Amino acid sequence: MNLLEIKNLGISFGGLRAVDDFNLTIREGQLYGLIGPNGAGKTTVFNLLTGVYRPTTGKIFLKGQNITGKSSIEINKAGIARTFQNIRLFKNMTVLENVKVGLHNRENYGVISSLLKLPGYRAAERRIEERAMELLQVFSLEEDAHHLASNLPYGKQRKLEIARALASAPTLLLLDEPAAGMNPQETAELMEMIRFVQKKFDVTILLIEHDMKLVLGICEEITVLNFGCLLAQGETASVLKDPRVIKAYLGD
Amino acid sequence: MKNDIVKSEKKSNITGSSLLIRILVVVGIYALVSALMLTGNMSRSWESLSIRICFNVILALSLNLVVGFLGELSLGHAGFYAVGAYAGSMFAVYTDFPMFVRIIGAVLVGALSAGIAGFLISSSILKLKGDYLAIVTLAFGEIIRSFVKILPGTGGTAGLSGIPAFPSRYVGFTFAYAFVILTLIILKCFINSRHGRAVTAIRDNVISAEMLGININRYKVTVFVIASVLAGVAGVIFSFFKTMIEPNDFSYNLSIEILVMVVIGGMGNLTGSIIAAGVIVVVPELLRALEDYRMLMYAIVLIAVMLINESPKKAQFIERYSPKVLLKKLLRKGEKKSESA
Amino acid sequence: MKKITATKLVSLVLLAFLLLPLFAACSNAEDKNMIIIGGIGPLTGEASTYGVSVKQGAEIAIKEINDAGGVNGIKLKLYFEDDQADGSKAISAYETLMDKGMQILMGAVTSGSSVALNDYVKKDKILQVTPSASQIEAAENPTTFRICFIDPFQGQEMAKYIYNTLGYTKAAIIFNQDDSYSTGMKDAFKDQWAELEGTISAEVSFGKSTTDFGAQMTQIANSDAEFLFMPIYAEKAAQIVLEADKKEVDLPLFGGDGLDGILTYLKGENAKLVEGMTYLTPFIASDEDEAVQSFVSKYEAAYKEKPDQFAADGYDAIYVIAAALKEANVTQPKELDVDALVAAMKKIEVDGLTGKMTFDDDGEPNKPAKFAKIVDGKYVAQ
Amino acid sequence: MQVFISTLIDGLNQGSVYALIALGYSMVYGIAKMLNFAHGDVIMVGAYALFVSITQLELPIPVTFLLCVIISATLGFVVEKLAYKPLRKATPIAVLITAIGVSYLLQNIALLVFGSRRKMFTPFLKLGSLKVGGISIPMISFVIIGTMLVIMIGLQLFIKKTKTGIAMLAVSEDKAAAQLMGININRTISITFIIGSALAGIAAILYSAKYMTVDPYTGSLFGIKAFAAAVFGGIGSIPGAMIGGILIGVFEAMTTGYLPGNLTQASDGFAFAILIIMLILKPTGIFGTKRIEKV
């Protein structure tokens, strides 16, 4: 079954077509890659998917439901969560709190019940605490639970961002360059983790990446973007051999 | 000001002993002040200061929710304070209920009116940020002060007098202190809930918060409403303390003074706000002996505190000599001794 | 580990300080043989000029009285505390003074502060003489007396004088929206004026942060008003007069006692702009009267500036207090009987700088309202 | 109609002064990214300097002008060095509070030195006024607007053409990057403050010439209006400060002139209400650009 369907998606800033006539279909449970040279519009696609920008043309369907032009909040509730190329953690909150924020909409007690500390509130907070700790354990961050997010080393910050995104129980997880700034050793670990996460949380993953080894290693299918346009699409190994793709990456 | 966004690491699971300590501190302060008051051992200026400190603490705490936790610069807190003070004291002045009912009614009416004002203002300025939000809130405060002069029943520029006073200083202090504690409990509960985390998340990174499904606008309004309700309560206490209120009591200078309390106490630090509010109310009174040089000294102290707050040497100094660290060292020594013994 | 902010550090240092005044103050040894008078008024902040004047005027009176041997041999001591014209700070100032052993209150200088003190004075039942709080509510207490005129009185008197004596019927008014002295006088003037069936051609206001009076003067210049009523203080009035000149507004000017001293702000040619200005005042610094001249010269010697009506009010307030102490036959500095003092207040007649005054049962002064007019750059009593 | 035009011109007159002050605010904000709340108080000190040198030292007028500008600029320099420089890495709000402290400090020094009573200047710049069809416009307003235009153009040229100016621009864009390019941040910000405070000195001269008065609270009173003007125009934008100042002056004149009956008591409030409505419609001020955060 198709989880995500993007049809003729396009956006222009001023006169510039940043993304044009973009089509993509992802099936449930896939690990899908989105690649392309710098400035090809990959992050813009993510921004369109998560409601940061409104598309000028085209439609986006998640599980058959039209989410085009919806706000980020609604899109998150519909089941999409993401990480960012330039890490965006809540720096002055602890690691644990970061994940708890991700769990925001999973418990729904109101302001009044928090002020009066009603029994429902206590039970909900306990569940939040437990789930958050579980998530941290998955990413082996439990030792750092009470440290400030900004004090974590770079690699752990990336992990935390993924944990936080997963906390909101997405069906589709968007990872924007998860391996950026990591050494080969860390990247290898990351690959393992992405696979593990996909299984454990039963989540579909779409990721942007420059590290071809990673892409080749874990993505079943990929799409290549160039100058905002779709260049190639299909099974990873064969797409990477496509002369147009090689040309786009290496230049003329 | 990274240092000032204080992290308490055990925020969510207050352990039994620290809760006990808090209760002891709260009760202890109250017991000490009441004992001094009731035995006539407290000087009169301190009796009145103790009430002034209370409503200033409520103001600082509530503004801290907006500035420190939500991260929006509001220069109009005096406006909500004014709405609460006027609405509450008009209720008390123009009704004939028994004293007790009038006081409680005034608090409810004041809080409700300020809350409505907070709701209206915050929901109309959601798009504004930073300095633009600052100037609009400042303008809002001045509008309130200005319109009070032409509204019926407010006493105009001359002010509203004849507001019932607290039966005694002790009653006044008890009343005000109770609301300080209530404010603290409300803020603590809010901040430690999922709503509080959402608000702090908005401060730290709006975009991330939005992507996690947090409704930014709803939380901005919620925070403003809570803060203005509390400011309104402070206004009612103020009007019972002063027994007359006039528009000039609520100028933008007051909003700035409250902001100074929040910043000096540390943004997002509730204990800091309490101490800073106390210090800012008390210091000018302590400096009375300096006569003409009083406000000059106040300005110098203010600048000095800001500079010290930001100085890297401060952090070093505190690391070495803070009472907690010293206590720990002492304990450790004690432990070692007992071990060796 | 929770980090500790500088405030905590500072507060620890301050703690030592705090504990000092926390306990009931022990009064100064020297004060034991003196009668302690407390003064409250703005010494800093935007209204400081009024408080400073009152304080300085009062200090001169205290010195004169003490140099002459005091009241029945008892010397007077004045403690003056700053309230920044803010009611809640006035309460703190009041309590500080009570801690210092205040027996008689001279203040507060501004109306708002004075009204805020009503309840406190009532509870403590002490004699209060306010030099300059002109709002009606400021002298509500049975033990409170005031030296200055009340705002409505001035507004009414001016309206009557202008309508009946001068025969003008069309008024222009400019007032300060942030000052109850100004709005109080304006409201009374308007009520009286309506009763007299005069018309108001223009009514404009300004606020405490106003620096430019162009728009106000445009309205007045384009009205058919026959005169301009300015129930405001001299320093703003001086600026308004300058603006009026630019707009060629050449109307006769009227006002209350706040206009006194306007010539200090209008030097040289500018003095001509207020030629003919008539206002109600109890005090004229250029009065030939010997007492006034002696006060003016002492004041100038001490403070390097000319006294204004606030200084005169402060001076008179002290003399009124002294007269009441004498009338009540006080011989022990620490045994003041407030009922006797209040009774004495109602009996005394004091020939002060601001006129010969007695006090009625409401604590209001009976003293002749003098109309002053500026003629040839000098204040002349009418 | 004539009253309306006169009132409009009154608004322009008043607005030109707000604009002049807002110019300094906005310029410092544009480069150093801080709200210098003490800017108005620097003007106040400049005005006192002018007052002393004219009425007490009786110096020739051009010398007094020069002295006023030099004293203001020096004050700005010293304040920056002592109070703001240690806070370079602090949050804007901490700097704001410190600036408020500096503002209190300057006010209270002036209060101690010059007393609380307002000082009136003897007229030192007699310009008269221009009459057009029964409406008189004071010449000083032309001088103010003219000076402002010169300053605006001068600033633009300075920033675009000189090495220091370009350095300032770089610092305003990105401090870290500017430092990597070998720009001395501290020196550049010092210069910004010197220029900003020299502008305050010029404002002090023109303000004194127009209103012929100064007291310790002069600066803080109109400082808040100038702050509103600078933000309203789009903070950091020099033309914005000018338009913002003039518009606020016009709002005020209109609410003063045209509110009926009792409402005139709240004219200040109505002027601020217009400001709020305009900002709700245009959330980044007139010339402010929306900074889009890159995701």
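Letters A, B, C and D name the chains as they come in the text, with residue numbers starting at 1 for each one.
Criterion: a contact is a pair of C-beta atoms (placed from the backbone, for glycine too) under 8 Å apart; a residue touches a chain by one contact, two chains touch by 3 or more.
Keep in mind it's a predicted model, so treat the numbers as computed, not measured.
Which contact partners do chain C and chain D have in common?
For chain C paired with chain D, the chains in contact with each are B, in label order.
Can you tell me which chain lies farthest from chain C, using the average of the Cα atoms as each chain's centre?
Comparing chain centres, A lies farthest from chain C.
Which two chains have the most contacts between them?
After counting contacts between each pair of chains, the winner is B-C.
Report the inter-chain centroid distance for chain A and chain B in whole angstrom, where each centroid is the mean of the CA atoms.
Chain centroid spacing, chain A to chain B, equals 40 Å.
Just the number, please: Cα centre separation of chain B and chain C in whole Å.
35
Chain A to chain C: how many Å between their CA centres?
One centre to the other, that is 71 Å.
Which whole number of Å gives the spacing of the CA centres of chain B and chain D?
Centre-to-centre distance between chain B and chain D: 32 Å.
If a residue has to touch 2 or more other chains to count, which residues of chain C qualify?
Answer for chain C, listing residues that touch two or more other chains: 43-45, 177, 183, 207-208.
Quick check: what residues of chain B touch more than one other chain, meaning two or more?
Correct list: 7, 9, 146, 149, 156-157, 207, 264, 292, 295, 309.
Spell out, as numbers or ranges, the residues of chain A touching 2 or more other chains.
Where chain A meets two or more other chains at a single residue, that happens at 52, 84.
Could you list, by residue number, the parts of chain A that touch chain B in their complex?
50, 52, 71-73, 76-77, 81-82, 84, 88-94, 96-97, 100-105, 107, 109, 111, 114-117, 121, 124-125, 128-129, 146, 148, 164-165, 167-168
Which residues, counting only chain C, touch chain B once they are in their complex?
Going by the criterion above, the answer is residues 1-12, 14, 17-18, 21-25, 43-45, 81-82, 85-89, 91-92, 95-96, 98-99, 111-112, 115-116, 118-119, 135, 137, 177-180, 182-184, 207-208.
Going by the contact rule set out above, which residues of chain B touch chain D in the complex?
1, 67, 73, 124-125, 127-129, 131-132, 134-136, 138-140, 142-147, 149-150, 156-157, 207, 252, 256, 259-260, 263-264, 267, 292-293, 295-296, 298-300, 302-303, 306-307, 309-311
Along chain D, where are the residues that touch chain C in the complex?
2-3, 6-7, 9-11, 13-14, 17, 108, 111, 115-118, 120, 122-123, 129, 136, 138, 211-213, 215, 217-218, 221-222, 224-225, 249, 252-254, 256-257, 261, 264-268
How about chain D: which of its residues touch chain B in the complex?
So the residues of chain D touching chain B come out as 35, 83, 86-87, 89-91, 93-94, 97-98, 100-102, 104-105, 107-109, 111-112, 224, 227-228, 231-232, 235, 262-263, 265-270, 272-273, 275-276, 279-280, 283-285, 288, 293, 295.
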